[in-house]
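My questions will all concern the structure given below.
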C-alpha cells in the first residue's frame, strides 16, 4: 500500500480575473521511505500540490489518500489522527517560524496541539534539537537569533515532532547559501536513513532534485508531464519539456558547458488563467503537431519506470529531438561554442 | 530571560528616540496631573473662585489666571486632563477592540466574511466622522460615555483595516500554514499565532487613536456639545473664544495643553513604532 | 435735529443667530422678529417716553365701555407687491393670525371684527379690555399686519412667503444668503415720505460675539443690537470714540434672567423652599461677574424699566446662605450624612452664553447650601422643549422679555391658564393659585388706570412672595453702533422697529 | 590595457556598530570582450563591489574609502559626480537581480529606454524611439513595437530583464556589470537570458562583470573567476582551472558542496559553520574558523594573495606552503 | 473605464443605502422628534396643526415605513422638507454647500501643495536643518486642534496685526464687481483655509517625506541613476510620481474628515457653510436636514473617492480595471 496516493487531484482558486487551475488532475503515489522529487517552473503549481496533500489548499476535485485512508473530505476533527503522518517544511526559513515564539515553543507546538503534557514536550523538543544538530539551549531562543540554515533545521525539527511518515519539503534549500545548503540536504538524507521517512521534495534546482530523489515528477502548468526514476529521466527524458528543462540547467563544469550543445527553450510559461488548448506546452514545443494543439495528452506509461503526457513520445519511449544544427529549428535555437 | 532581553532591546530602541522619550514624559505628566488634580485643587474646578479674566501670573493664587467667570484655569486644566485621558483612552480601547475583532476575522477568513466586514468598514468611513460624532452625541446626550461611544464608533475603521492587512500578509505565512498543518484550530491560530505578530503596528495605531480621540473630544466640547459638568480643555477653548481680544490666554492655554498632549502621543507612537515594528527593526 | 443724509448701506446684526425663517408667524424668538419687522409693520408703536405713536393706524379709539375699539387704517399705503393696504388686511390679521396664532391670550375675549369701510375696522370684545392692553397688543410682537391676498386660504405657519415676506415697511425683502446675511432693498413707495434714508439694509449673522466685535472694528458692521459683543469689548470699543453704546430701546421689552422652580417637584412645591434657595444666591455677584455690571438684581415681575407699574414695595431675598440653610432645615430638609439635602436638575437654557455661566454659578451656590445639582445646558430648541413642553427640569435658568403692559404676557407666567403644554414663554413651573388667577382676572378688565396700577402692584407683591418663577436679574441689553449711525435705539422695542429712519452721518 | 581595472578597492559601511569594511582591498581587472565572474556567498560584498564601480553605493551607510576604479585609465572613484553621471549608462552600465522592481512601474518600457538614449546621445525623441525599438529587437523581445508602450508590470520577469539589458547596452558601454542577472528567473528563462548576454557581448564587444552565487551560472558564462569571502578576494583563476583544481579550501568546499550531476549520488561535502558577519570577522584569515586545514598561523595572520601559477591568485597559507601546483591548475 | 464607473456607482448606491439606514436608525434612538422640538420652539400649540404636520412628515407611520419612504425619496434626490427653514431640505443644504465646498477645496489644495512641497524638501534634504524644520512644523500642525490653530491665527493675523478679516466670507456692502468680490472672498478665505488645511498639510508632508525616502531606496531609482540621469531628473521623473501614490490614497481616505473639520472651522470663522446649518439642525433635532447633510456628505466622500481612484489609476498603471 502506498503511503500517499493522489488521484486526479484538482485545486482551483477563484480570483477576480478568473479561475486559476493551480493543480489540474494530478495523480501519483509515494511509497514508504521513498523520496519523490517535484520540479517545474515557478507558478506551475508545485507548492499548491504540496499544500493540498496536507489539506492546506482548497481541493476541488480528486482525492488524497494517506495510508489508504481518503482524507479529501475529512473534517478538522476527523483529520486529527491523520495529521501526524504528513508534515511539511517550507522554503523560507524566516517566515516558517513565528518570530514571537521561542524555538522550543515552535517545535513543541504540534505536540501541544496533539495534547502532550508539558514535561513530555520538553523532553521531545530536546531530543528533536539533538536530532537536527542544534544545542538544547536553542529551545529558549528566538528564530531571529539563528542563521538561515539553523532556522531550516528548526523547521525540520518541528516537522519531525510527531514522527511523520511523509514530509512535504517545499523548496527547503532554495533560500540557502551553497555551503549551508549542503548541510541541510545531508541532514535530510541522514534523517531519512534513520527514521525511514518519505519526502515529497519540491525544488527548481535540478541538481539538488537529482541528488536527493529516487523518483521525479515534472510539472508543467498544473499537470504532471513526466514521471519516472531519477536515473532514467536524466539519462533518457521522454517529454520535450523535461528535455528542455535539463538542457537549460547550467552545467556543473565550464568545459561541459562549452561542449554541450544547449537547446534554449523559447517563450515562457503560459498564464494559468487561460491555458492554451490541447497540450499546455505546445506553444513552446519544437515537436508540436496539430493534435498537440487540440487534445490534452494524459500521462501514459512508457515502461515500468516511465510515464509521460505527450502525444509525440513514441512507444519505445524515445522522443525524437532535432539534432543540433546551425540552423535553428522551429522555436528552438541552439547555443554554445 | 530572552523575553526580558527582547524587552530591554525594545526599550533601548525606544530610548534612542529622543522625541519618544519626550512624549513618554509628557504623557506621564498628564497622567500624574489627572491623578493629582484633586490633591492640588481640592475644590470643584468649575467653581468660581476669583475675579474674572485674571492674566496668568497676575495673582499668585491663580498661576494660570482665571477664565471669563473667574474659575481657576490651572484647576480647569488639571481636571481637564482627566476628561481628556478618560475619553482618549477608553475610546481608543473600544475602537481597538472593535477594529481588531472585525479586522482579524476579515483578514483571517477572507472571502465573503472579508467582503462583508470591509463593506461595513467602508460604510463607517464614508460617513463624515466629525459630523457623525456630533450627531451621535447630540442624540444620546452630552455625557462623557456618549462621547466615548461616538468617538470609538468613528475611530475603529483604521484599526480594522490595519489588522486586516496584517492578517492578510500573516495568514499565508508559512508558520501559520505550519500551525494549520499540525491541526491547530482557527481561533487558537488567530489568538496565539497571528494576533501577537499583527499587534505591534496596531498598538502604535491605537496610541495615535488616543490622540485622535482627544482631538474629537476637544472639538465636540469646543462646539458646546460636551458635558457641562465636566472640566474639559476643548470646552475651555470654546468658552474662551469670546475673549480673544482681551484675554486670549484663556484659549491659548488649554489649546496648548491639547497640542502638547497630542504631540506627545504622536511622538510616543513613533517611538513605539521603532521599538515594536519588526519591519523597521533591522535598520 | 440734523438733516438726515440719504443713501448708503448699513450692515446690522444682533446678539443672536440667524433666524430659522425670515418670518415665523408663531413667534420663534427675537431673530425672526428682527428680520420680519423690517418688512412687516404694526398699527402702533411705543416710543421711548412710553407713548403710543401711530404707524399703520391713523388712530385707535376706545368706546366708552372699552368693549370695542375703532381703528382708522392709514390710507395710501401699498404692499410691496403693489396692492393697497385696506381694512380687510387688518381684519384678516386679527381674526386669522393674531387670534389663533400669535396673540391668543390677549384676544381671549374677542367677539368680532367688523370692517366698516375700506379703511375702518371695529374690534369688539365680550368684556371691557383696558386701553393699554389693546394698544400694547397693536404695538407688540404679535401685532404684525399681514397681506390678506398672500395669506388668505393658506396655512399661515407654513406659507412660503414667510421666507420672503411681503409687507408695507420701509424695507423690501431682497435676498437671503443662508448662513451669512439677509439683504433688504429700499421701498421707494414707502408711505412715510423720505424714508428709508438708506439705500440698503443688511442683516448679517455671526455665531461668535468676538467676530461681531471684530467686524465692527473693521467697519464691516455699523449697528449691532442686543448684547452683540462681549461686554469688555463694549468698553474697549466705546473708549476709542468711534463707537457708541446705548442701552435704550428695551423699555417695552425689558429683559430678565429668570429662574423657574418646577412646582411639580414636591420639594420645590413648598414656598419656603423656593424662598430659602433664593437666599443662597448672590445676585450681585452674578451681575458683576457674568454681566460685567450690565444687570441688577430683580425684585418682581414688574421690572424697574416699567415706569408705569413698577413698585419697590415687595419682599426681597438677600444673599444669606446661613439663612437659606436655616430655612431649609425648618422646611424639613436637613443635611443628610453626605452633607446633601436633596438633589435637583438644573437646566440652563443655552440660547445665551451667559445662561450657562449663571447655571454654573447656581450649581456652585446651591451646592454650598447642601443641594445637589446636575447641570445641563441644552441649546435653544431643546431648552424650549424641555422647559415648556416636557417640563423636564427642577430649576430652569431662562430669560424673558416683557412689555409695559403686564397682561397677559407677564401674568401668564403665573396664572393657571398660562400652563399650556408646548407653548413657550408661559407658565412652565406649574404654579396654580386661585387667588392669583382672580387677581389677574381683575387686572384684565379694569379700565381705570389708577385702580389698575394698584392691582398690578399687588400682583407684583404676590408673585414676589410665591416666587414660582423669579426675576433673578434685570438685564440691560446694550446696542453698539458706529458713532456715525443716527437714529438708532429710539423706540421702546427697538429690535422690532422697521429702522426706516436710520441714516449714516459721514 | 584592461578596460576596467579595480585597484585596492575599499568600501566601508558606517553603521552604528562602527565602520565595517564590506569590501577590503579588492583588485581585479576586466579586458575588453572578456567576462569575469565574481562568486561568493550572500553578504560577501559582491553587490557593494559592483555598486562601488558604478558609484551608486547607498550613502549612508556605504562609501568608497580607498582604492581606484580605472575605466580606460580614468579613475572613476575620483570623478566629480557630474562627470560620473555621464559615465553611467554610457561607458559602464549595470543590470540588477530583480528585473521587475528595477524598472519604474509608472513609466512605459519605451520611455525608460528612450530616456537613457536621450540622456547620453542627444538624439531627437523620434530617433531615440527608433533606436529603442531596435534595441528591443536586439534583446529579442517579440513584438517590440507592441511592448514599447507597455508598463513593466504587464511583462514577465524574463521580459523585464531583457528590457533592463536593452537599457544597459543602449549606449554600447565599455563595461557591463550584471549583478545576479538570472537569480530571480526560472531555469528555462535563465538559460535564455544567459544566452542573450553571451550573444550581445560578442556583438557589442563589451567587457562583462558577472556577479553570482551560483557556480553553474559562472561555469556557463565566465572566462575568469574571482572568489570572494567576507569582503576579500580569496582566489582568482581562469574558469576551467578553478573548476578542475580549486586551490583555496573555501573554493574547494564550495565545489564539493554542490551536487554534481555528472558524479554518482554521493554525500555532499559540508563546510561547517556559516559565513561570519562583517562585525565579527576573526583576526586572521576570515575562513579559518571553518577551514579544515587551518593552522594557528591562519588564526592570527591574514594571508595575502600570492600567485601560485600564471593567471592564478590565491590567499591561503596552506597553499603557499605546499608550493606545488597540480598540472591541471595551470592549464587555461 | 465605463465598467469601472458602473461598478463603483453600484457600490456607491449600496454604501449610500447603508449610510441612510445607519443614520436613520440612529435617529430613531433620539429622544423627542424634531417635530416636537419645532412646534415647541415655534410655539405651535394647535393640536390640529400638529396632527397635520405629523401626516406631512409621515410620522404617523411605523419607523420601517418611514425608512422605506425616505430611501425612496432620496433615490429621487428628494431629501424631504425642513419645516424649520420652511423649505425643502435640499434647498437648505444647497444654500450652504457652496461655501463649504469652497473652503474644503481650498484647504485641500493648500494642504496638497504645501504638504507635498514640504515633504519633498524634507526628503531631498534629509537629515539637514530643513528636514528638521519641516518635521517639527508638521508635528506641531498635526497635533494642534484645527479650531485652536484657527483662533490663534485669528488673534495674530486678524486681531493683533489686522492683516486679515476675522470672519465671514464677504465684506458685506463692499466692492460689487466680480473681480472685487472674488478678491474679497479670497481675502476672507486665507485664514480658514489655512486653519483647516494645516493639519492635512502636516499629514501630507509626513507621508510624502516617508514615501519619498522609501522610493529613493527602491531598485528602479538605482536603475535610473545607473542610466546616468541627474539628481533632479531622477527625483522629478522617477521618485515623485511613485511617492505621490500614498498621498493620493490618504487624500481619499481623509475627505470625510475634511468635511467634519470644515464644520468646526466654519464656526470659528463665521463661514456661512454647512456647519451653521448643521449645528442649528442638530440642536433643533431637525433630522431631515441632519440626515440630508450626512447622506450628502457621504455622497461627497464617495464621489471624491472615485475621483481619487481615477487619479490613482492615472498615476499608477498597475491598478487595472479588474
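Chains: A, B, C, D and E, in written order; residue numbering restarts at 1 for each.
We take it that a contact is a pair of C-beta atoms (placed from the backbone, for glycine too) under 8 Å apart; a residue touches a chain by one contact, two chains touch by 3 or more.
What you see is a predicted model; the values in this text were computed from it and never measured.
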### Chain separated most widely from chain A, comparing mean CA positions
C
### Message
Going by the touch criterion at the top, tell me which pair is linked by more C-beta contacts: D-E or B-C.
### Response
D-E
### Farthest-lying chain, centroid of Cα atoms versus that of chain D
C
### Query
Could you state the distance in Å from the CA-based centre of chain B to that of chain C?
46
### Task
Could you put a whole-Å number on the gap between the CA centroids of chain C and chain E?
40
### Cα-centroid distance, chain B relative to chain E, in whole angstrom
22
### Query
Cα centroid separation between chain A and chain D, in whole Å?
31
### Query
For chain D, what residues touch not just one other chain but two or more?
none
### Query
Taking each residue of chain B in turn, which ones touch at least two of the other chains?
241, 244-245
### Junction residues of chain A - those touching two or more other chains
none
### Query
What chain-chain pairs meet the touch criterion?
A-B, A-D, B-C, B-E, C-E, D-E
## Note on the structure
In the complex, the residues of chain B that touch chain E are 119, 122-123, 125-136, 138-141, 211, 215, 218-219, 222-223, 225, 234, 237, 241, 244-245, 248, 251-252, 255, 258-260, 262-263, 266-267
### Task
Spell out the residues on chain A that touch chain D in their complex, using ranges where they run on.
41-42, 147, 149, 177-183, 185-186, 189, 204, 206-208, 210-211, 234, 244-245, 247-257, 262, 264-266, 268-269, 333, 335
#### Entry: Touching residues on chain E, where the partner in the complex is chain B
14-15, 18-19, 22-23, 26-27, 29-31, 139-140, 142-145, 147-148, 151-152, 154-155, 159, 253, 256-257, 259-261, 263-264, 267-268, 278-279, 282-283, 290, 293-294, 297-298, 300-302
### Message
Could you list, by residue number, the parts of chain D that touch chain A in their complex?
### Response
41-42, 156, 158-159, 186-192, 194-195, 198-199, 213-220, 222, 239-240, 243, 253-254, 256-262, 265, 267-272, 274-275
### Task
Sort out for me which residues of chain B touch chain A in the complex.
1-2, 6, 173-175, 177-185, 193, 196-197, 278
